[in-house]
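Two complexes are shown next, each including subunit A; its partner changes from subunit B in the first to subunit C in the second.
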Partner chain A sequence: MLHFKYLLWLLAGILLPQIVGSATLMSLLTQAVIYALFALGVGILLRQCGLVSFGHAAFFGSAGYIVALLMRDLEFGAGTAILLTLFALAVVAFLLGLVVSRIPGIAFGMLTLAIGQTVYLSTLQSRELLGGADGLNIAWPGSIFGLDVRLFYDPAGMFVISWVVTLAVIYLLDRLFRTRFGSITSAIRDNEERARFIGLNITLPKALVYSLSAVVSGLAGILSAIYTGFISPETLHWSVSGMALIMTIVGGVRHLWGPVLGAILFFFVKEYVGELTDYWMAMLGAVVILIVVFAPNGVSGLIAPLLERKKRVTKTVVGKQVEAGS
Partner chain B sequence: MKQKAYFTVEDLVVDYGGVRAIDGIRLALDKGEIRGLIGPNGAGKSTFIDAVTGRRLPTAGRVTLGGEDITRLSIIARRDRGLSRSFQRTSIFADMPVLEQVFLASHQARAEHPEEDALAILKELDLEAYADWRAGDLGYGQQRRLDLALALVGSPSVLLLDEPMAGLTVTESRDLAEHLKRLARERRVTVLLVEHDMEIVFGISDRVTVIELGKPLAEGTPDEVRANPKVREAYLGSAA
Partner chain C sequence: MLGISIFNGLVYGSLLVICASGLAMIYGLRRVVNFAHGALYMLGAYIGYTLSIYLNFWFALVLAPLAMLVIGMLLDKAVFRPLQDRDPLSVLLVTFGLLLVFEDLVRAVWGRGNLSIDVPELLSSSVELFGNPTPLYRLAVIGLGVGSMVALWAWLRFSRTGLYVRAASTDPLTTAMMGVNTERVNALVVGIGTALAGLAGVAAGPMLSLAPSMGGDVLVDSFVVVVIGGLGSLGGALVSAILLGQVQSFGTIYLPSLSAVLPFLMMIAILIWRPSGLAGNRV
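Then we have the complex of A and B:
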């Protein structure tokens, strides 16, 4: 049943470019899906650890830079450079997570903001290696993972690729968070003290989720860098982290698809309300306040009960659900 | 010659900045003993439990379990050695189903059959019917029992209970008291019970320790403590 649901979403994503006639709308949807993946990265940290990061743009932006440098200076192929970048992000974020995830609440947010801005300012200052404020043009080869690079530059092609990647990430995360690891991180988020008193190690699972969220954000950053063929320090700025956080809050994190929905809504508000008024950000701010106050689980939290059929769960244990009378 | 006590606390001192919250408390509990720890509000009972379980490091003193010095061990290491606790304020995983969290705790305690173990504990505490409930949706009394279930997972050898009867009905409190007695008698669990319900403390404790302003005031059997003039004056009042 679960696989069938994913298959349906996959087909919907593949068919959508055939239905959408407007190139502008297609480009908007492509950007929305890339940022949806980024918001998902920020969202899993909030969902599994209750941690709010203001610095995930550091992973989103630096992923593009690292791939570009690996290809330009070390002459790696695109596929190898992408895989190495994701691995490097996982390791660095894990080590960073071992330190920062020990810090609670708003202090964690401020620390991630400081780390993010340090990366941004360092990149801005690095003219010789990273091109400073001008950024870098990335010379992608003719094919990436066996796919013609023109497919990545085409909005419809990139939409399908990003959609497939996002669905695959949601599927894998969904499977992962249904295991004991998911229960452990949920327990830590719910009540860190009690978690410690039932014998759970607190730091390691949080660092792993931090690392995972960095990899997902980095993957989105790589897709963005391929799509635009360019990377600049703006992608590392705290406002990009803030944007992803807004998408996450609007969409909600109780469901993994919440941040994805939030990102799509964000881009539509930006595009269509932005055409009507210059004050679209103020309007979005008001929407965020309303959501935080009246729908703390975001738009997905409002929609999900309408979509889900009531299931009588007869038995629930970690990693295993036996359902009856669905 | 008297056998050395199973669980001991020697000259425990806890300072909060310049304030001495616990000042030289000593306890020696045998296996299977229920010890009541009472004292007026602010006497330092919860601070004492925090220091013994590793939530707060003591300024001085020593805690031993089965002859091993556990004073500087982490919370997890103490838990691994059989020291468990419940909290004054209900401490559960509100967003998680009841069985899932007890299962998780049981698995963490390296139970051979964690699922069966978790179900058995829920049955023992009359929570079996709520196994699939989100813990946050349980009533207060049920949440208190779940808090105790999490403390009982993994068959701890020493259980420190911080006001476990708070918020329970009279019947629930009596049931819980009976349950604690069974734990001590049948499973030889050592219980340190901090509780305001004097009827229960004096009813089930083998011995009672009284503290006041972080200092030991009296210790003895329930009858001895009841008869102690210092205790009557400082805490129990003429009604005792």
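Then we have the complex of A and C:
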């Protein structure tokens, strides 16, 4: 049943570009899905560890830079460069996570903000290697992982690719969080002291989730860098981390598809409310406040019970039948 | 050269200590990490700008913080107090939303362009300092920083309300049981913290230009200051603001390629060495 649901969503994603006629809407959706993956990265850290990061733009932006450098200066192929980058991000974030995840909740947000701004400012100042404020143009080869590069530049093609990647990431994360590792991280999130008392190592799992969330955000950064063919320091700025966090909060993190929904809503608000008024950021701020106060589980937390009601009814019926039989 | 960079460091350090002490006070009593603090600083600067046009700079310097005091108390009543039983992360996210609202509010009222407050005539001259002509205004900013810190210290140390504030920041429950209206104390402290942000904003007006995004840098630097100093600690904020001012000033001269990053490296190093900051858990 579970796999069936994923297949259905996969099919829907592949068919969507055929239905959507408008090019602006398509490119909006493509951007939304790329940022959805980014928000998912921020979201799993909040979901599994209860940690709010204000610095994930550092992973989102630097992934593009690392791929660009690996291809330009070390002449790696695109596929190798992408895999190496993800691996490097995983290692760096894991080591960083060993240190930062020891800092309790509130100070963690400030610390990640500081780390993010460090990366942003040093990139801005590195004119020769990273192009300073102008950023870098990335020369992608003719094909990436055997796929024609033009497919990546085309909004419809990129939408399908990002959609497939996002679905795959959600599937894998869902599997992972159902294992013992998932239970351990939730236990630590809910009560760190008790988790330590029953003999769990609390730093290692947190660092692993931090690393995982960095890789997911980095993957989104790479998709964005391929789509635009360009990487600028603006992608590292803390306001970008803030945007991803807004998407995550609006969507809610209890369900893995929450941040995805949040990102799509974000881009629709930006596009359509942005047309009506210049002050869409204020609207967004108000929405964030309302959601945090009145619906802490986000939009996904609001609509999930509506979707699940039907299922619950069938389950109870089955339960009764079993009872009657026994 | 050495003297002038110490001096410049002190000027920025003074601005930071005014702003960051407000942030530290709000955290100390309300346990709120106020992401809107930079936006309040900016709002104070803009209110000061309008007042300085219709009246003059001196009225702006007094009235803008008073206006911010009222805004701060309203903020406490409307946001922090109703949310005091929620987990700190939710409140942090609410202040993040407020930041977006305030920035757009200022854009709507004052426009997107850069503005600047004129230096008052009394302070527009220069004085000879370490062999360099130095604007008198910068000297006055240091004076303002010292003055407001002394006033704040005296208020906390010698007044009855100051005693309540210190008591409530140590143990709010016991303080309330002793018959102190802690809600009123909290509202006043959030008001004063906001007023300090506004004061820093007005004081920064004639030196730095006014833009809706001006709060971002100050917010990040104030965070660095309160984290290094120890969350909620005024003494720690004072020491680390002066330290940060010096680090930035010397960094620009001697390590230009690293200057922007130095404060963050310092913060990361101190957090790893002492997770609760220089002052630890002292107030």
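We adopt the following convention: the second predicted complex is superposed on the first by the 308 of 326 C-alpha atoms of A that agree within 3 Å, B and C clash if a C-alpha of one lies under 4 Å from a C-alpha of the other, contacts with A are read in each partner's own complex, and residues count from 1 in each chain.
In this section, a residue touches a chain if its C-beta (ideal position, glycine included) is under 8 Å from a C-beta of that chain, and two chains touch if they have at least 3 such contacts.
These numbers come from a predicted model, not from an experiment.
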Which of subunit B and subunit C A:106 touches, first, second, both or neither: second
First (subunit B), second (subunit C), both or neither touched by A:293: second
Touching partner for A:86 - first (subunit B), second (subunit C), both, neither: neither
Which superposed partner A:220 touches (first subunit B, second subunit C, both, neither): neither
Subunit B versus subunit C as contact partner of A:209, first or second or both or neither: neither
Touched partner set for A:121, first subunit B, second subunit C, both or neither: second
In the superposition, subunit B vs subunit C on subunit A residues touched: C
First, second, both or neither for A:28, with subunit B first and subunit C second: neither
Subunit B versus subunit C as contact partner of A:196, first or second or both or neither: first
In the complex, subunit C residues that touch subunit A: 33, 83, 88-90, 92-94, 96-101, 103-105, 107-108, 216, 220, 223-224, 227, 231, 257, 260-261, 263-265, 267-268, 271-272, 275
Residues of subunit B touching subunit A in the complex: 53, 55, 75-76, 79-80, 84-85, 87, 91-97, 99-101, 103-105, 107-109, 115, 118, 131-132, 150-151, 153-154
Subunit C-touching residues of subunit A, taken from the complex the two chains share: 50, 52, 99, 102-107, 109-111, 113-115, 117-118, 121-122, 124-125, 238-239, 242, 245-246, 249, 278-279, 281-282, 284-289, 292-293, 296
Parts of subunit A lying in touch with subunit B, wherever the complex brings them together: 180, 183-184, 186-187, 189-191, 193-201, 313-318
